[in-house]
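Letters are used for the chains, namely A, B and C, taken in the order the chains are written, and counting of residues starts over at 1 for each.
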Amino acid sequence: MKGMFSVKGISKSFGGLLAVNDVTFHLESGELSSIIGPNGAGKTTLFNLLTGDLKPEAGEILFKDKDITGLPPHRICRMGIGRSFQRTNIFPRLSVFDNVQVAVMSWERKCRNIFLKARNMNKKETEEILDSVGLGDKKGMTAGLLAHGDQRRLEIGIALGSYPELLLLDEPTAGMSPEESNKTVELIQRLAREKDLTLLFIEHDMSVVFGISEKIRVMHLGSIIAEGRLEEIRANDEVQRIYLAEER
Amino acid sequence: MMDPELDRNHTIKTIGGLVAVLLVFLILPLFLPVGWLSLVNEMIILALAACGLNLMLGYAGMVSFGPAGLYAVGAYTTALILYYTEIPFGLALIAGPVSAAIASVIIGWFCVRLTHVYFALLTLAFAQIIHTIVFEWYGFTKGDDGIVGIRVPAFLDSITNYYYFSLIIVCICLALMWMIVNSPFGKILQALRENPERTKFIGIHVRLYQLSAFVISSFFLGAAGSLFCGFNKNVFPNYAHWMKSTEMLVVCLLGGVYSFLGPVVGSIIYILLDKVISSFTQYWPLVLGLVVLALLLFLKGGIVGFISEKITASRESRGKGERNV
Amino acid sequence: MTLQGLIIQLLSGISTGMVIFLIAVGLSLVFGTLQVLNLAHAAFYMLGAYLCFWISSILSQVTGAFWWALFLAPLGVAIFGGLVEVLLLRRIYDREHLDQYLLTFALILIIGDLCKLAWGVDFNMVPTPWPFNGPVIWGKIIFPRYNLFLILCGPVVFVGLWALIRYTRLGKIIRAMTYNREMANALGTNVPLIYTVVFMLGCWLAGLGGALVSPMSSVMPGMDMVILIECFIIVVIGGLGSLPGAFLGSLIFGLVNAFGILVAPRLAIAFAFILMIIVLIVRPWGLMGKPE
């Protein structure tokens, strides 16, 4: 059976430095998997390539059998791929409600409209998403004033506003305390079940990775050097070497 | 803050306030001498221009150094039509904003491909080109002499009548802008201001929306220009000068760029300050500079921002403070 | 057009270019390091011209009065600039760009009127100093000696700045900050102090430009406005933050202007803007700037 999301031979270099080197992998529908690797391995660059922020120099990306290679981000979003960011990327001066609402309105193609009142548009859908990420009671607050953990959850909420089938999460627990991280992991697991999502994330925090992913891919210097289930990766010598070297 | 009861009260108070303000403007001609009425007329036209600019500036976060260019396109279009043809005033007036919008499609297409300081400088460059064209093309635009004695229909030839005419047009334009700003499109503009990167990823074609904001903004700038052309019954190349652009920017800053009526408040205060201070001293620029400094350092949200902070603070302390961050 | 005429136009273009280089280079430097487009740069230039006029008229009985003024005026402007940076500019570095532009614009208004208050609204003349008064005559070519002096000043200042940036510690820091501010910060440089120093250097350059220009054109209110737009054009064409770019951009501007006047005198000024627009569209970071 063909995978839902297929990346074949993707490469990207910056001024001679090969940041992503001939990466190939497939995601099955409903799969929860992660990409790990030391800093500079090319993980975020890979995400940027998958979401259209960068154009690959070689290779192709297929989503549900459609070639999405080289499409701009706003088109990729419409195809059902959503993304959250490593550094919190919200709309600080807008309210929490507005943050998610704009994503929903955009998805429903209502944004070219200059005649209707936007205030209560898609209120139900927006509130539903806010509730599902646990921010329902904070919908009136200014997003920039939220605590860090809440902002990360809003990140995810905004991504959910585009009703993605595949969600790419870039270090969702970045900067969080252990309890917050656990809560976020639970949240993500619940969301994946409730909304039938396929998840791919970049993570540094091993407990998150091992807690959530069924499949793990390890990246190093732009290539995927190992792929497999948790036990396989743990037992992989090369992976151990890379991580031990990093800890030094 | 999303308490519907409080919301309704707030809305009623706001509408009440607006109606009161409108009434004041309506009855002003009854007791103001024509000199002052003319000043108020200038204020509301400047308010229209500043609000038009603020659509780009405060809502979409696009800092333009060249709004006067499009303002002048509107003014000169109307003036040239009235000077060279027999086309009625109303049509000439409408042609102003329309031509400004058309010009802005071309100018904007180039400008929105850049960001920040480069965007600002490119808008300035285009405005200066417009200024140079108007200044040098003596045969057509009468260059530095400007076009004077523009014909205005008889019923608009009195200061009081043109005042009411301006008031109606400005109110219609403001109502249109209010609608746009509160529409889904308006919210996306604000998202663009807050985080253009993120807006890409929620499915918005950023450049297209920025170009739209630029064009809509220019439409209202052109409208203000045309209206002023009829008010002053003349046009000069300095309508496109970057000093005029800066005046509009200062007005927006003065009133507060993050509120809808900020530029209106700003233009009233600016023109009042200008006339009052100029009557005392020739050093109006010095005073203006000091005022702008004071605003930037102490009153960050402009005057409206400052006032609304005070109102929010007093409302919260009065008994609604239950939420904790 | 005779050969002599062409040579005079060429020299004229080059001297215009060098003059504007002296003024614009400070603007470019400040933008490259501080990331602030200092609209008031032209006002500092004007201040330099006024100070030069003032000092040279006070010292008019002293031989070499102009040269004393040329030495002192830029220092005065630099000190004033330092005060401005510490008291005002520092507060808005992390604010939105619009706030920065408006602050520097406010400075234009304030400095302009302060000059008016101090020295009146009439235009003032600074006599061309010995030994550069009078023309150089070379066959049929007649060219002002002082303009030749200015043509020399351009490369001298360029080389001086280049040496500063290439060989001194300050220069290394400036280069580091232009390329990557966070890195420079992390390396332990005293960023606020560097900002002040660079800003003062920019003002010193502006003041120097003003002082050098003062014998050539009248010192009067409004001289800053004329120059400001031209400075923008140059730093855009050359590349914001690039020293060789400012030099190149100024030369191009001077030559385009000089020959533009031959072709279509009334539209000459538009040529420079069109060039600016083309650069912004095709290569926004300028001929020698770094792409973002």
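The definition used in the following text is that a contact is a pair of C-beta atoms (placed from the backbone, for glycine too) under 8 Å apart; a residue touches a chain by one contact, two chains touch by 3 or more.
In this text the structure is predicted, and so the values were computed from the model without any measurement.
For chain C, the chain with the farthest CA centroid is A. Think of the whole protein's Cα atoms as having one middle point; the chain whose own Cα middle lies nearest to it is B.
Taking the mean of the C-alpha atoms as each chain's centre, chain A and chain B sit 41 Å apart.
Distance between chain A and chain C, defined via averaged C-alpha coordinates, is recorded as 49 Å.
With centres set at the average Cα position, the gap from chain B to chain C is 33 Å. Residue ranges on chain B touching chain C, taken from their complex, read 57, 63, 65, 110, 113-114, 116-118, 120-122, 124-126, 128-129, 132-133, 136, 242-243, 246, 249-250, 253, 257, 283, 285-286, 288-290, 292-293, 296-297. Residues of chain A that touch chain B in their complex: 51, 53, 72-74, 77-78, 82-83, 85, 89-95, 97-98, 101-103, 105-107, 110-119, 121, 138-141, 145-147, 158-159, 161-162.
On chain C, the positions that touch chain B within their shared complex are 31, 37, 88, 91-92, 97-99, 101-103, 105-110, 112-114, 116-117, 225, 229, 232-233, 236, 240, 266-267, 269-270, 273-274, 276-277, 280-281, 284. By the touch criterion stated above, chain B contacts chain A in their complex at residues 1-2, 179-180, 182-188, 190-191, 194-195, 197-206, 209, 258, 323, 325.
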